[in-house]
Amino acid sequence: MDTFIAPTNLELAIETKNLEVIYGDNQAVFDSSLEFPRHKITAIIGASGSGKSTYLRSLNRMHDKSVTVNGQIIYRSVDINQPKINEYEVRKQIGMVFQRPNPFAKSIRNNITFALKKNGITDSRVLEERIETSLKEAALWDEVKDDLDKSALELSGGQQQRLCIARSLSLRPDILLMDEPASALDPISTEKVEATMRKLRKDYTIIIVTHNMQQASRVSDYTAFFHQGRVIEFNRTQDVFQTPHVKMTEDYISGNFG
Amino acid sequence: MDEIKDRLLKPSKATHEDQRGKFISYLSIGLIAVLVISILVFITIHGLAMFTQNGMKISDFLFKTDWNPGKKLIGALPMIVTSFGVTLLSALIATPFAIAVALFMTEFAPKRGAKFLQVIIELLVGIPSVIYGLIGLAIVVPAVRTIYGGTGFGILAGAIVLFVMVLPTITSLTVDSLKAVPRHYRQASLALGATRWQTIYKVILRAATPGILTAVVFGMARAFGEALAVQMVIGNAAMLPQNLTSPSATLTSQLTMGIGNTIMGTLPNNALWSLALLLLIMSLVFNLVVKLIARKGRIK
Amino acid sequence: MNAKRSDHLATGLIYTFVAIVVLILFGLIGYILVSGVPHLSWHFLTTPSKAFAAGGGIRDQLFNSLYLLILTLIISFPIALGAGIYLAEYAPDNWVTSVMRTAIEVLSSLPSVVVGLFGYLLFVIQFQMGFSILAGAIALTFFNLPLLTRNIETSLSAVPNLQREAGIALGLSSWKTTTGIILPAAVPGILTGVILSAGRVFGEAAALIYTAGQSAPVLNYGNWNAFDPNSFLNPLRPAETLAVHIWKVNAEGIVPDIDAVSNGTAAVLIIVILIFNISARMLGNRLYNKLTSSK
Amino acid sequence: MKRSITIALSLLTLLIIVTGCGNKQSQSKKMTIVGSTALQPLVEQVASEYSEKNQDISITVQGGGSGTGLSQVQTGAVLIGNSDVFASQADGIDADKLVDHEVAVVGIVPVVNPKIGVKNLTMQQLQDIFTGKITNWKSVGGKNEEIIVINRAQGSGTRITFEQSVLGKKTAVKSQEQDSNGTVQQIVGSTPGAISYVSFSYVNNKIQPLSIDGVKPNVTNVTTNAWKIWSYEHMYTRKNPGTEVDKFLKYIQSHEVQSKLVKQLGYISIHDMKVSKDANNHVSK
């Protein structure tokens, strides 16, 4: 299959080498090597079933033991795809936001402090500070600052998703993985989440999976196109969208398939 | 930055937590396994003693009809027949009621009606079997006597009492299986112009059949093992039942009646343990049947 | 037209069946209460039972029932919780798990007489516990474990997987995720299961006759030393429960007021179960709100 | 949540340890008596009076049936085993190793549903009814009503006594069985045509006790053996059970207990008996 992978020549946050993901007898991701530049937003696009979500979830070791992940994932010059690696620490460094908002059935405050407390942060001043900064970063602070003790389930879908972003940010991760974070949201909420992402770019590396090409072109700096479990094209977003190197990418972007 | 790299390579608190958590949960399930195995082994050993130590024949036990272990007569057939009789009959009566109540709770009045019936069903579960037995003795037995003659004791009285006792089991499991039928089945059927009953009968009940069968089998397992309530209304005569209103005895009633009057290690005592083993085997069989139903349901 | 008619017919039939079930329940509860409540009095609840004279109460039996219930839950709940977590969160999808599940089902369908006799021979005699609350509680644990385990498992599994992923993605161990996030969300379901199983514990007689025994020795409610044989807290004393009391009074009672004692006890049993169901339901909702929002 | 699990688990362990220790500490003062449900109320009452007088002793009395009592005392699991039957009558019990203490006498009376209209039977008629030769009350002077025999559970003490006195070596007809005096009383009272037998103390106005050969079932007739269906209540111990046990058994056999509690509970005092009976139903003066 014809592929085109452009070199970035930038400082990398994380990269994969020959990554493959296998579910039982089914291989979902083949031989994928990608580089994700630091403090940039990289979008992964592709049709449903192209393996993009599966790929994303292997980056912070979210697959359970029934799934085989082969190849290397280099983060801070360590291959984190090894059994001896502390996967809990990996996930603290590489946070994740999911397709559907999944706040805990707890208060807004506890949604953020729960993981912090379990990680040994108990000083209430530090906790309060983290709540405020994370919620501000996720652009939710102004909407909820007066009732932090309200159940998170009472928030709107968009607010819930931003709470989930804030929750991930509270751990001060390095990289934020987002798996179609706006697909369950209405346009206004989507816009808010995207605005949040653009703001976060200066402090975080963001990798976002989306099937929405407009979204990819709006928010991302780099774009990777997945098809049938393989990386077909990777380049700066404007190049991918305006001058795709591979015919398949062009077809996909112009809506000829998928 | 090396500090973070370091952390990636070392086990942390979370790692230990997970190990500890796994240990606790494995321990618990292991404990249950040990309990089950010990009770199985225990009853098997005692239940086989009659055949191994007292030299009785299994065929006599299963197919002969004279039960008087004190005189070396160990035919358990009357109890086996009666146990199956009350179990089948009670399931037969209970199933339509259970399905009706379950349908009412899921299809007709899923909000208030369901809540109300839920409370009722939980209360039925809460009534102790002794009380069922006493009420059976005070009401069901005389009623059967006036309507059908005889003494009133027998399979019919037992089945009526058991019907009420297994109703909650069958109903709640049926509710679960009806709830598991995907919503769009209903919508699709109704959209095609089917009436509610056609939808229920042709679509929902059909889709839920394996689940309902499972519910019935679990109800039967409960009925098979029930002792005190049945003992009060069955008549406890170790004879093959002539009809539904002739006194007879179930495996459980014979077991509870006799156990205190026999001496450990003697034939009469061992014979009762063999009845217990039979009960155990039956509950295994019921579970096996459930497994088979589940497998068949999945293939369809 | 035909389809419509059968629709009406079936609907009518279903309503009739439901009505019959409701009537049966009201009949049962009504019968128990009507024949029992007139015998209830403060005196009945607060005096010990009598062996041969009229006017005995059920103080000790009532306490024993509650104590036995608590002890049973103390023993069975942690084990069921661990096992439920195992099945819902850790169990691999293989034959071992399937055998374990079957084992639990078998345990739950064991006839209570059989469990009673097993408990009698093993705990009462072999382990020399004697007829005791402890032996009774262990026997009841046999029934309670499968019910509770299955209930905890389903309650945990009913919590959306997204919640699990959220916890894991925050670098929490799956144990912490389960106990800190999934479990609180499953509390109302678990609580309902506990109530239902408690109802069964409360009404169980067959398994207790041979384990907890059928006598209620004179208890000293001022004696808080659980080692003392006549202390009400001693788990090694024999304890007749309400359900066993009903059974015994009817079987071998020679008190002149058998009906009064038996019906009164039955009414108390039902009332306690009613109170239990209602209050636990309310508590479940309260607890859920508390766990999910503030604090 | 985890903390509560840990607490519960440690409580449990504590409980087991505690109870284990408690067991040993109090063993010297603890006495467990198991067996016959019929004898249980009497022994319970006596035990509670006895421990009121002797504060340092605690006695646990349990039912479980005569068979349980005998096997438990034989294995040494309990100090005293209560039984309605002689140890030698029970299979699997080595009677030579046990010591019998007769503590009360119980009379057993055939009872019928009152509507039958029969108040007296000959011993032969009674035997014929229980062996199935007579099947209608008409044949013995009652209503035209089928006879419904309700026996006691196989192996129960009451049944052994009844069959020994009434049936001799003959075998009873197959029939309904009930395992307690109370249920028999209820069922005979409510079932037309029913006949069974209960201990004297279970006779009430809903059932009709029968005279046999014109002899009334009362205490005086039992003491002289004019009423033939009676048995001892036994408390068995192993040989040399210890002074505490001896003292308790002496107490229960004392005139104080025999003339008060034993009578209140519907038994007959052993001191009133003018005859005695052995395991083979042999009566001597």
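In order of appearance the chains are A, B, C and D, and numbering begins at 1 in each one.
We adopt the following convention: contacts are C-beta pairs under 8 Å (C-beta built on N, C-alpha and C of every residue); 3 or more make two chains touch, one makes a residue touch a chain.
None of these values were measured; they are calculated from a predicted model.
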Handout entry: Set of chains whose contacts include both chain D and chain C
Key = B
Handout entry: Identity of the most central chain, Cα criterion
Key = C
Practice task
With chain centres defined as mean CA positions, report which chain is farthest from chain B.
Solution key: A
Exercise for the section: Mind checking the centre-to-centre distance between chain B and chain D? Centres are C-alpha means, answer in whole Å. Expected result: 35
Problem - Distance between the centres, which are taken as Cα means, of chain D and chain A, whole angstrom - result: 79
Completion exercise
Taking each chain's mean CA coordinate, chain A and chain C are separated, in whole Å, by 47
Exercise for the section: Provide the C-alpha centroid distance between chain B and chain C, rounded to the nearest whole angstrom. Expected result: 17
Completion exercise
Multi-partner residues in chain B (2 or more other chains touched) are 14-15, 24, 256, 259
Exercise for the section: Return the residues of chain A touching two or more other chains; collapse runs of consecutive numbers into ranges. Expected result: 88-90, 119
Completion exercise
For chain D, residue numbers touching 2 or more other chains are 5, 37, 63-64, 75, 179, 183, 186
Practice task
Specify the contact topology among the chains shown, as one of line, ring, star, complete or other.
Solution key: other
Fill in the blank from the handout: The chain pairs that touch are A-B, A-C, B-C, B-D, C-D
Exercise for the section: State the interface residues of chain C toward chain D in the complex, per the touch definition above. Expected result: 51-52, 74-75, 77-78, 81-82, 125, 128-131, 134, 175, 179-180, 183-184, 209-210, 213-215, 217-218, 226-227, 229-230, 234-238, 248-254, 258
Fill in the blank from the handout: chain B partner, complex, touching residues on chain A are 75-78, 80, 84-86, 88-90, 93, 119-120, 174
Practice task
Sort out for me which residues of chain B touch chain C in the complex.
Solution key: 14-15, 17-18, 20-22, 24-29, 31-33, 35-40, 42-43, 96-97, 100-101, 103-104, 108, 117, 119-120, 122-131, 134-135, 139, 164, 167, 194-198, 200-201, 218, 221-222, 224-228, 252, 255-256, 259, 276, 279-280, 283-284, 286-287, 290-291
Problem - chain A contact footprint on chain B (complex, rising order) - result: 1, 4-5, 7-15
Problem - Complex interface listing, chain B residues touching chain D - result: 24, 68-71, 137, 141-142, 145, 151-153, 231-232, 235-239, 247, 249, 256-269
